[in-house]
Every structure is written in structure tokens, then in C-alpha cells.
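The chains carry the letters A, B, C, D and E, assigned in the order they are written, with residues numbered from 1 in each.
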Amino acid sequence: MALLELENVTVDYGSIHAIKTVNIEVETGEVVTLIGANGAGKSTLMKTVMGLVPCKSGKIKFNGIDITNKDTQYMVQSGIILSPEGRQVFPRYSVRDNLLLGAYQRPRQEIPESLETVYTLLPKLKERNAQMAGSLSGGEQQMLAIGRAMMGKPRMLLMDEPSLGLAPLIITEIFNMIDKIRMMGTTILLVEQNARIALKHSDRAYVLEAGSVVLTDRADCLLNSDEVRKAYFGGL
Amino acid sequence: MSEILSVHDMTQCFGGLNALKGVSMHVDQGEIVGVIGPNGAGKTTLFNCITGMYRPTKGSVRMVGTDITGWRPYQITAYGFGRTFQNVRLFSRMSVLDNVIVGMHISTRLSFSQMIVVGKMRRTMDDAVHKAEEILKIFGLYENRYEMATSLPYGDQRKVEIARALALEPKLLLLDEPAAGMNEIETEELMNTVYALRERGNTILLIEHDMKFVMNICDRLYVLNDGALIAEGSPGEVRTNPVVIEAYLGKEA
Amino acid sequence: MLLQQIINGITIGSTYALVAIGFTMIFGVLELTNFSNSSLYMFGAYITYLLYSIVGARFFLAFTISIVLTGVLGYGVDRFALRRLRKKRAPKLSGLITTLGMSMVIDNSVMVFFGTDSKSFTNFMDFGKFYVGNAVVTWTQVIILSVACILMITLSIIVYRTKIGKAMGAIAQNQDAARLMGINTNKVISFTFIVSGFLACVAGTMVAMYYRSIETSMGTSIGTKIFAAAILGGVGILPGAVVGGLVLGVVETMVSAYISTGYRDAISFTILILVLLIMPNGLFGKKAVNKV
Amino acid sequence: GGQKEPASQGKPEAARTSIATDSSGIRYNGRNKLSMFAPLTGDNRQYGIKIRDGAELALNQFNAEHGTQFTIEFHDDKGDSNEAINLASKIVSDSTVFAALAGYGSSCAMATAPVFDENGMILMGVAASHADLPRMGEYVFPIPMSARLESVNFAQAIKEYFGVGKIAILYQNTDHGVQQSGLIKKEWEGFGGETVVYESFVPGETKDFSAVLSKIKSKTPDILFVSAAYNDAAQIFLQANQLDLDVQYVGPGMCLNEEFTRLVGTDIDGAYILSSTPSFLPSVLESGNIDEITKDFISAYKEAYGETPDGFSAQGYDTVNIVLNSALAAGTTDTDAVARQIKAIRSYPGLSGFNMGYNDQKEMNKGIYVFEIQNGTFVRVN
Amino acid sequence: MIERFSTWLVRHKSPLLIGTVIAAVIFPYVFTSRYVLRIAILCLMYCMLAVSLNLMSGILGQISFGHAAFWGIGAYTAAILAKNHGWNNVGVLIVAALVAGLFGLLLSLPVMHLKGYYFTITTMVFCQIVRVIEINWMSLTNGPLGIMAIPKLQIFGQLIKSQQAYYYLILILLSLTTFIVHKVIHARMGYAILAVRDDDLAAGAMGIHVFKYKVLAIVISSMLAGAAGGFYSVYTSYIDPGSFTNAVSNNMLVMVIFGGLGNIFGSFVGATLLTVLPEVLRGFSEYRQLVFGALLVLLMLVRPEGIFGSVNFKYIGQRLSLEKSIAGGKHHE
């Protein structure tokens, strides 16, 4: 049984149909990538899973349980965590407070250990520990958003464009980290513009176009498919 | 070649943190210059100091020979610098088209004697609409011109920002991570657009983490690390500079 | 006379402080201008007054029940109006109009039920007075100031040190992100409103005892002062609300003693604006982070 | 001005014929209604309700006694002059109304007076003591004692009881407070007395008077005269006590109610209250010898509304009776005729004061009551 | 539903506009009752105030709890000029506007420093300050006694007295106000002001002199309110400080938010509803305010952005014309 299942999900923003009967499955332990052009509906899909945007019809199941249109905190409790598009850090809290809020649902005694893990993965955050999150540089905020999501120790991690605004070295590190956490048993659903590197690190992928899944396959197949190459990889 | 921008000994401190440490640089007419460096190196801060958003602790900025240090942002913009923001800052309750029209604030200014000419104001605004539509066509957003700016997908919002900055018709266009949030194809399109702008005679200073983009498009690069300039030169020179590889690019690149 | 005036000022100030704490908690922490706060304050005093006669003159019993009831009303304001607005992702201003409407409903219900005439209220904190030099100080004044300080400290601990306090701040800064952290936003906000109800009731009852009377206009008359005190101290900063209240009280007293009673508010508010011009974030406010 | 017609014509013809006359022989000409506007909501609601009840009682009694068919309607003006003008416009459009009654406060009466004057309708200022009100129109009549006459009498009384010394005056910044205290001050200084403190406060926005009281204390006056509503006056006296002020307290007639005695208890025994309206408190009535009319009024009022009346109830009561009696005497509800009757009143046996009557300027004149607070109750001393 | 209604409105803009103008002009001939006319006049005056406040709070985005202060300043200016200086031609309205504008300028100076709530509180406090001065400055304002028997307005040597005349006067003032605010929004200045509302930092980066435009909008807004005040004073001929309180300011803001921030038509709807509603509720007598409050809450729950808050007629019009041109294009194929 798949860990996350989307059955015929549709989402509207008023009169705009952002998602049109989408079916997606993510097995436990997998890394799955969503690719698609601007406005394909990738972020909307992630927000819908988290209950931030209402699902108009269809069903979303996590671990076999129907979670369609439940409160966001319920998703977080069941172990789905999103590192959102546009960072969404708490600007007037320090880096450390932001990270601690990431572990809001977790027992107190486990927190120091997680904090250490995040600090070792993203040493820049440790360096900036007491700084207000709002005054961090763009890339630093992105790291914080990722680190904060990790603090929740998710069963399933949703990442919306994690590489946005990060320096090349850090991007490599983030993807290494993705490899590492999937080893620890975390399932990951990824949205990436940087399709080449994302596909290299994932098992399967869905291609979204104007709110519908137009293609799905194993990541390495897609990486070599001419169609995908033409649509998403530049000629350089 | 005439100098558009020159920065001298720019230093910016935030409390105990030295975000910029004596950076000097210049941009000449018709160039595309890149600023690269690790996260938190001070690139955005440099832009902020140039455009008057921050008041630098030390150092000076000159635009086409005029010292503009300490000017207010709107004065600097009026004088010839246009910029985009790293975190998209669109006017959220305005349509895409109106966002771009706001960018024409300076060029639509009328003197008092012009203002009293009947219909002059209206014609100026009509012209502005027309020009804005032309600019949106460049970015393939013409169809979306009446949509609310913030309901666009992230990647498109960035394009609107660039379009808006372009509408300023600046002497120097400062772009902060223009390609972020775009996939490779879109990045290539953007690259073509930037080329086209250069053809039109625009001068551009940009920050970007997408190395393909930077290496392909820039005439010269400045590399910042920890607030200090660690290298400068042509993309070829910078790419092979061991200090830059160590601090920023990593072995693979 | 100066000493006496300072003592007078501190007392008025501490009544402002008492109400301002609860207001600032919602104002600053949730970034919502809660107009119903002063209604709750009035309501609390009236309920204590009513219960006192019902439970047979046992003050502390009446007071306790009244605190609970006012808390419940505070919860109601959130539960039946503001929560629905949040669900619809309404802009913050609609919350303001809603609290204004709620405040009209509460005020007028009390007016219809109790009438608008002043009622006398026994002072249970009347432990006499003492003299400092030749200035008079009553124990009631001392108690009010102490309660304001104790409440401020307790609340500061809750807001700045505990997990739920952190959650309040997170909600104020970014509600969606707060939900993504697994924070039950409704629960936290309800908690905030309940606490603000408690505070309003304590404040209302104590001020009623101090002046030995209650009237339906007691909320509206103190309204602007509360906003001013909260702003003066710095938005959302609890100790700021207390200090802001005290400063406002002392300034007011000085103006009315040495300049003019009639122009009192005009002058003290002008001073407030001038202070804000020099310190745009209030006495204790930090400069907003404005990363571009 | 000559005979003016009400603004709107062609109104219910049926009403006009059906109530043409009745057993009392009054010619109504279709105009048998009194229209009152008073604060029935808002902070001054308490006064509005008292006035309304008094007026209603008077009307019912009058109809029962004389077999007349007068009616009365009540509107809420929130004590807001703007709303009062709205209502005035509404009232003058109603051709069945022959007199309007402005409830609480002078400002509503003053604001609406031009409207009624323009439309030739009688306006009674039930609780409007503004000295200028009588001059606002030919058909405008106040019921309370004119602030001008009252103040002169108050100053006289203070001089009589406490001698000419140093006085401190603290007044509420309302039309009534400003006029009363200003005139008292002028009068007092005319006697050769000294005004050491003369300060105002904004009612409803000031609850703490310690600052100004401390100032008063330092000026050591002999008398503290307060012109304020009962709740503020109570606050001022109590807070003065807290600050150990050693002066003779003198308060205004607005203090003559039950709530005031409850607020101050026995703390300010010895204070004097000057008033142009009597007190209806049981304790006062028990001690004093009161006339039968008052007794009947009190019991009827209590029966109808379950409360003791106060000065405002009495003013409402008197207003209606004055208007209706004048109409009865005139035999018509014609404005001119009724107004002439009212204007001619020189001595009226009213409940809201003694020796009531208009002078040639249409100012209401009354006698002054002097009360001393003894054991927490008012005791009449003059 | 409102969206569909708005589209309908835009689609039939011209006939509706003409219809409204005709209805407004013949109104006083159809309804001659003094009461109805007075309410209509007040309604139009509150529309004027709401539209002017909308410029400050909806379009510039500076929420003000003190608009009644400008209204009051205008009213007092006109009253003092007319009563004490015998000056009762249309000039008083202009001077009232100018004086209110001057105070607007004074109030707008803090906006350079103060943001958001801080500005909002400043306006609230400003209203209070103005009122305290009105109450206390006896020699100028006659304090709480108010100024009475303010001379009626004189136009071309003709004393205007009738309700009808004042109806047309306020109708003209309101049209003027709407015209000015409409022009401001749709001109270059309007783009700048809207940009400042949405993001003043980015506006600065577009070359917009943020401070200048804030001051401009606030001054225009306060001038319009001042003119409304001048009108009020010559119309009612009695003013006292009780009319210009914070509660009245709140009420004006409620009108604007209720109708929809930034939407001029919304301000008309909000002002009309909130002027007429209390009159309609008269039947509730002592429960009137209670019912009013409850309705306020209820309506906010139904339309949290205000009735027309999420509607932008300009954009609807643009989209409609776009659709039309697409449809037209298809037709030609």
C-alpha cells in the first residue's frame, strides 16, 4: 500500500482550475519528484496535501487513512511536513526559535538531538543561531526552512523547490542530505525546477502540465527520455 | 568606455556582523557583470547599498560620475538605477499590467505646463499602457496582463519583476537572482531576453547562483565571500580560480 | 504637592496598565486590534457586581466565577466570530470591525440589562491609607500597582518563555507557517482570548473597587488611553504596556495639575505623538527587521 | 410670525374628523399627538427612560381625568444632536403632532429648535436649562430652571450659608456645567469673593480627579463647588476625602438620587446640595412635609414603573401637563393659542420645583432647595 | 454572487450611470418629506466622507480612526467664518477644505516615521486632541455650548434655505469628490499611491517619492472631509463638539471597510447602508444599537473583505473587453 495516495484530486482557485483530477502515489521510502513548468500546479498540489488549500473533489490518503481537507496540524501530527515555497520563516524569531518551532509537535527530550543533526548538516545555521530569521540572506532563509522541516522528524517530507536561491555547493549538500534521510526511512516528495539533479536523486517522477499529470515513469527513464529532455532540459 | 557605476570601499555593518568589507567595483556602459558568491556573502547587501536601501557604514557609490552615496532610493531610481528583489516584491493588489505601469512612474512625469494641455495626461498614460504591454510580450506574459500579480506562479512573478524594472528604462539594471524558480528551458529563454536587452544597449549587473547562466552571459564576474571581494575577471578566469572553487563552486563544477 | 501628584499619576497609570496588558497581548501577539477588550473589562466588573449580590456577599467566590465567565465571553468573541473569519482567510481589518460590532453588542446588552446609571461597588481592598511625607497613599493603590506588575510578570513568562507563547508569536508572524509547524492555531488563539478575558475581568473589578463604582461607559472612556499606553510601550511588549500605562498616567496628572485639566488629554496625547516621532517603535519596541 | 402650517399637508383626513372634538371640547383639527425624542440607548439612557416614564404617566392621567384623546410617541436620539435633527425632520412632517418634547440635554433642544421654529411647532425643552434656549424661537419653552437664574440663586445661597470666602469650582465641560459655573463665578466675584481654582473636566473621560484635587488642596479654599452629574460628583467628593481635603463640599441638584447616596454612603456627611428640583427619595419625603400631589405622583409612578421617580421624571411629567393644560385652556391644539397659554404661566404648581413660572423672556424661574447630607441622606435645610 | 453582480454592473455601466444621475436629480421632487430629504442629504454627505476616507485608508492604506476630526475642523471653520465674520458664500466651503487640509498636512508629517498601527493610533489620538480643543477653546468655538444659528449659505446673493437646495448642493459636492478621487486613482498619481499601499519599499525602488504621495493623499482626503464639514455646518446651523467624536470616526471607517477598502462604489454602498440602517432599526428602540452591532458582525462574517472589497471594477472591465476582443477575433476567423 502506498504511503501517500491522491485519487482524482481537483483544486480550484475561484474560477481557475489549478489541479484537474490528479492521481499520484508515493510508496514508503521512495523519493518522488514532481516536475512541470511555471504554473503547472506543483505548489498547489503540495499545499492541498497539507490542507492549506481546500481540495474540491477527490481523496487524499496517508498511510491508508483519509486526510482530505483535515486541519493542517493533523497532517503534521500524522507525520507529513512541508518545507514551503518562499521559505515562510518567522521573521521576528531567531534562527534557533524557528528551528524549535519546527519541532513543536515532538516530545521535548528528542529536540536537542535533532537540533544537533540540523546544525551539523547546515553549519551556517549554527553560525547564525541568534540572528533574527528576517534578516538572513535569501539562501540562509532557504536553509532555515529546510532545517525547520527536518526538525519535525517527518515520516513524509514534502519539499517545494529546496534548491531555490542556494549556492551550487549547498545544492549538492542538500541533495546528499536527501539521500541520507531517505536512508533513514523518510519518504520524500520533491518539487524541483532543477529537474536534472532532482531526477538523479529520486526513484520516480511525475510530469505536471497545466494541472494534470501528463507523464510518469522511473526517474532514470525520464532523465533519458527525449520528450522530457526537450521540454525541461536546456540545450546547454 | 564610459563608467556607469563605480563602488568604492563599500562597508556595511549590522551590529557586530560585517556584511560587506571594503568592496570596490565598477560597471561600464553596455556590460553584463555578474556578482557571485556563497549564501550570505553579502551580494544582496551590496545591491541594497548601491540602490540606497541601506545606508553604507563606509564607502561611496558613483553613477556616471555623480556621487550618489546617501541618496534616497527613489532619487537613485529616478537618476537611473532599476532593480529587482531577491524575495519577489510585487504590488500584490494590482494586476500584472499595472505593476509594470508603476515602473514607468519616472518616464510619465509631466511638467506643469504639459499637464494643463488638454488630453496630454491621458495620452501619456495610454502610451504607458502600450509600452507596458510591449514589455510583457517580451516575457510571454501579455496574455496574463489583467491577472492579479500575486496569483501568478512563482516563476512568472519573477518575470514580472524584471519587466517592471525594465519599464524604468534604467541606465543600469540590477537583477537579484533573476533565474531562481525557473527551469532550465525557462532559464535559457531568460538568457536570450537578457542578451536582447544588451543588444538594445542596456547595462546589467546581476546576482545569480545558476552557474550556466552566469558563465554564459556575463562579460565579467565579481566573486564575494564573507563580505570581501575574493576574485574578479572574465568567467573563464573565475571558473578556474582555485580560491573560488574552494569557497563557492565546489570540485564538480 | 509634586510627590502627591506623582503618586496620583502612578495610580491612574496602573489602572491603565492593568487593562493595557490584556489588550497588548492580543494586539501585539495576534496583531489584532481588539475593540471588545474594553467591553470585556466593563462586562467583568458588572458580572462581579451582579454575582456578589447573587452568591450572598462572598466576594472572592463572586470574583472567581466572574473571571471564569468573562473568560468564556472572551472565548465566545473568538469562537463565534473571529474563527470563522480566519477560516475564510479574511483580511485583518475585518477582524477589527467584527470586534467593534461585538463590543457594541456587549455594551448594549449590559446597558439594557443593568441600566446606564452608576452603581456603587464596595471596595474589598480598603485597608486604609498611609503617608509618605505629607502625601497620601492608600493601600488600594499599592495593591493595584502590585497586581499589574504580578500579572505582567506572569504573562511575560507565558508569552516569552513557554511553548504556547512561542506559538502565539508564530501565529502573529505567519499563520500558514504556524499551521505547518503543527500548531493548533484555533486552540492557541482561543487560549489567548480566554486569558485576555480573565485579565479584563480582574482589571475591571479592581478599578471598580478603587473608584467604588461602576458604569457602562467605563470601557469606552478608557479605550483610547489603553491604545495609547500599549503603543507608547511598544506594540505587543507586555512590560511596555505597563510602563506605557504608568508614563501616560503620570504625564496626564502632571498636565492636569500644572497646566490645565480641560486640556489634559490634548496635551498628554500631543506628548505621546512627539515621543513616537522620536521613538517610532515606542519606548521598548525593537526596530522592525526590514531585510530587503 | 403669523399662523404657519405644518410642513406636510394632505395627511390622514380620517384622523382629522374622528378626533375633531371630544368630551373636553378641545378642537384638535387632527393634531392630538405629542412627540418626544430622548436618549433611549447610549450612555444617557437612564435619563431618557426617566423622562419618558414621567411623560407617559402624565399623559395617561391627563386623558383619564379630562376625557381627552391625546397621544404621545417616543423616539430615540441617543443623546446625539445629529440624530435629534433627523427626528425633528420626521416629527415636523407628521401633521398629527402639535408639540415636540426634547428630552435630555440642551444640545438636542438647541439643535432642533430652528427646525421646529421654521415649521411653527411647539418645542418643550424637558431638561434643557441652557440660558439661550428661550430665545431660539417663539414657540420654544424650557422646563428646568434657566441656568442663568439658577446660578444667581446658587451663588446667593452659598454666600448665605457659608459667607464670602475662597471658592474652588470644578465643573464638567458640558453646556450646563460651563454656564452654571461661569455664572456662579461671576456672581461670586461680584460679592467680593475669591475664586482660587476654576477647572473643567470632560465627563465620561475623566474618572480620576486626584490631580486637580491635590491642586485644590494646596490652594486651601473654603468651599468646593462641583457642577457635575451625580456619578462624577460622587467620585470627586470621595477622592477629595481620600486626599484629606478640608473644605465645605457643595454639589448640584443632579446629585439628588438614590445612586448618589449609595455611592457616597456616609463619607461626605455635611456636604450641601443646591437644587432647583426637589428630591423624591423616600428618606427625604419621610422627613419633609410634602404635598398631596407629589405623594400621588410618587405612588402612581412606582406602581407603573416599579421605581422611585427623580427630578427627570418630574420634569417629563410637568412638561406634558403644562402643554396639555394649556391646550385645554386654549380649547384648541393650535400652536399660537397653546403657546400663548404657556407663555402666560407665571405660577404653576409643578412637581419639578416650587414657585415655577416663566418671566417675560420665557425663562423658567423656580425656587431653590437646599439640602445637607446627614447620615447618608438628604435633609432639607431651607 | 457579488462578483457576478459586479460584472453585471460593469457591463451596463453607461445606462446605470445615467439612470443613477437622473434618479438623483429628480429625487427631491418625488420625495418631498422633510425627513426623507434630511436622511438623503446626510446619506450623500456620509458618502462624501466615506469616499474621502477611502482615499486615505483604502487607497493609500493608512487606516485612520480620526476622520471625524477633519470633518469637525471644516465644520468649525465654516461656522466661525459665517457666524463671527459674516462670511457665508461658497468661499467658506473652500476655506473649510483648506484649513482641514492644513491639519491633514500636520497629521501626515508623522507618517514619515510611523507605520501601520502607530499611524492608526496617531489618528485616533489626533481626533481626541481636536475634540478636546473644540470643547475647551471657549472664545473660539464656544466650547460645549456649541455654535448655534449659523447663517445659511448665500449663493449669488441668494440665501439658500430649502432642503432641496441643500440636497443639490451636497449632490454637487459629492460628485466633485467622486470625480476628484476617481481622477486621482486613475492618473499617474493613483498608480503611485496604490504602489505605496502595497509595498512602500518596492515603490521607492520604482522612483516613487513615497513620503510625497502619502502626504498628498492624506491632504486631499482631509480637504474633502473639511468641505463636507463646511457643508454640514451651514446646513444644520448648529454644531457642537459632540458631533465629531471618535465614535463618529469609527463609524466612518466602518462604512468604508464595510463597503470594501479601496472601492469607491463600495463606499457609497457602505455609507448609504450605515446611514439608513439605524433609521430603519428605530423600531427596536432600546435594542437598536444591540441589533446594529449584531448585524455588523453578521455581515462581516458573510463578506469579510467588505461588500466590494475583493472587487476591482477596472479589472473586471479590462477582462470583459479582453473576452469581447477574443470572441470578436473568433468571429472573424
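Operating definition for what follows: a contact is a pair of C-beta atoms (placed from the backbone, for glycine too) under 8 Å apart; a residue touches a chain by one contact, two chains touch by 3 or more.
Everything numeric here is computed off the predicted structure, so don't read it as measured data.
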Item checked: Neighbouring chains shared between chain A and chain B, ordered by label -> C
Next item on the list: Give the chain pair, either C-E or C-D, that is connected by more C-beta contacts.
Entry: C-E
Next item on the list: Farthest from chain C by Cα centre, which chain is it? Let me know.
Entry: B
Check: Between chain D and chain E, what is the separation of their C-alpha centroids in Å?
Finding: 37
Margin query: Need the CA-centroid distance for the pair chain B / chain E, whole Å please.
Written below: 41
Notebook entry, point to check: In angstrom, rounded to a whole number, how far apart do the mean CA points of chain A and chain D lie?
Noted result: 74
Note to self: Please tell me the distance, in whole Å, between the geometric centres of chain A and chain C computed from their C-alpha atoms.
What the structure shows: 43
Next item on the list: Send over the residues of chain D in touch with two or more other chains.
Entry: 41-42, 45, 173, 200, 202
Next item on the list: Identify all positions of chain B at which a residue touches two or more other chains, and write them in rising order.
Entry: 44, 53, 85
Check: Do you know which chain E residues sit against two or more other chains?
Finding: 132, 135-136, 201, 286-287, 289
Notebook entry, point to check: Pairwise, which chains touch?
Noted result: A-B, A-C, B-C, B-E, C-D, C-E, D-E
Check: Within the complex, which stretch of chain D touches chain C?
Finding: 41-46, 49, 170, 173, 199-202, 204-208, 210-212, 214-215, 217-218, 230-231, 234-235, 238, 242-244, 257, 259, 262-263, 265
Notebook entry, point to check: Across the complex, what residues on chain E touch chain C?
Noted result: 63, 110, 113-115, 117-118, 120-122, 124-126, 128-129, 132-133, 135-136, 201, 246-247, 250, 254, 257-258, 261, 286-287, 289-290, 292-297, 300-301, 304-306, 309
Next item on the list: Report the residues of chain E in contact with chain B in the complex, numbered from low to high.
Entry: 186-188, 191-192, 194-195, 197-199, 201-210, 262, 312, 315, 318-319, 322
Margin query: Under the definition above, what is the set of chain A residues touching chain C in their complex?
Written below: 50-52, 71-73, 76-77, 81-82, 84, 88-93, 97, 100-102, 104-105, 132, 134-136, 148, 152
Check: Touching chain E in the complex: which residues of chain B?
Finding: 51, 53, 72-74, 77-78, 82-83, 85, 89-95, 97-98, 101-103, 105-106, 108-110, 121, 124-125, 146, 148, 164, 168
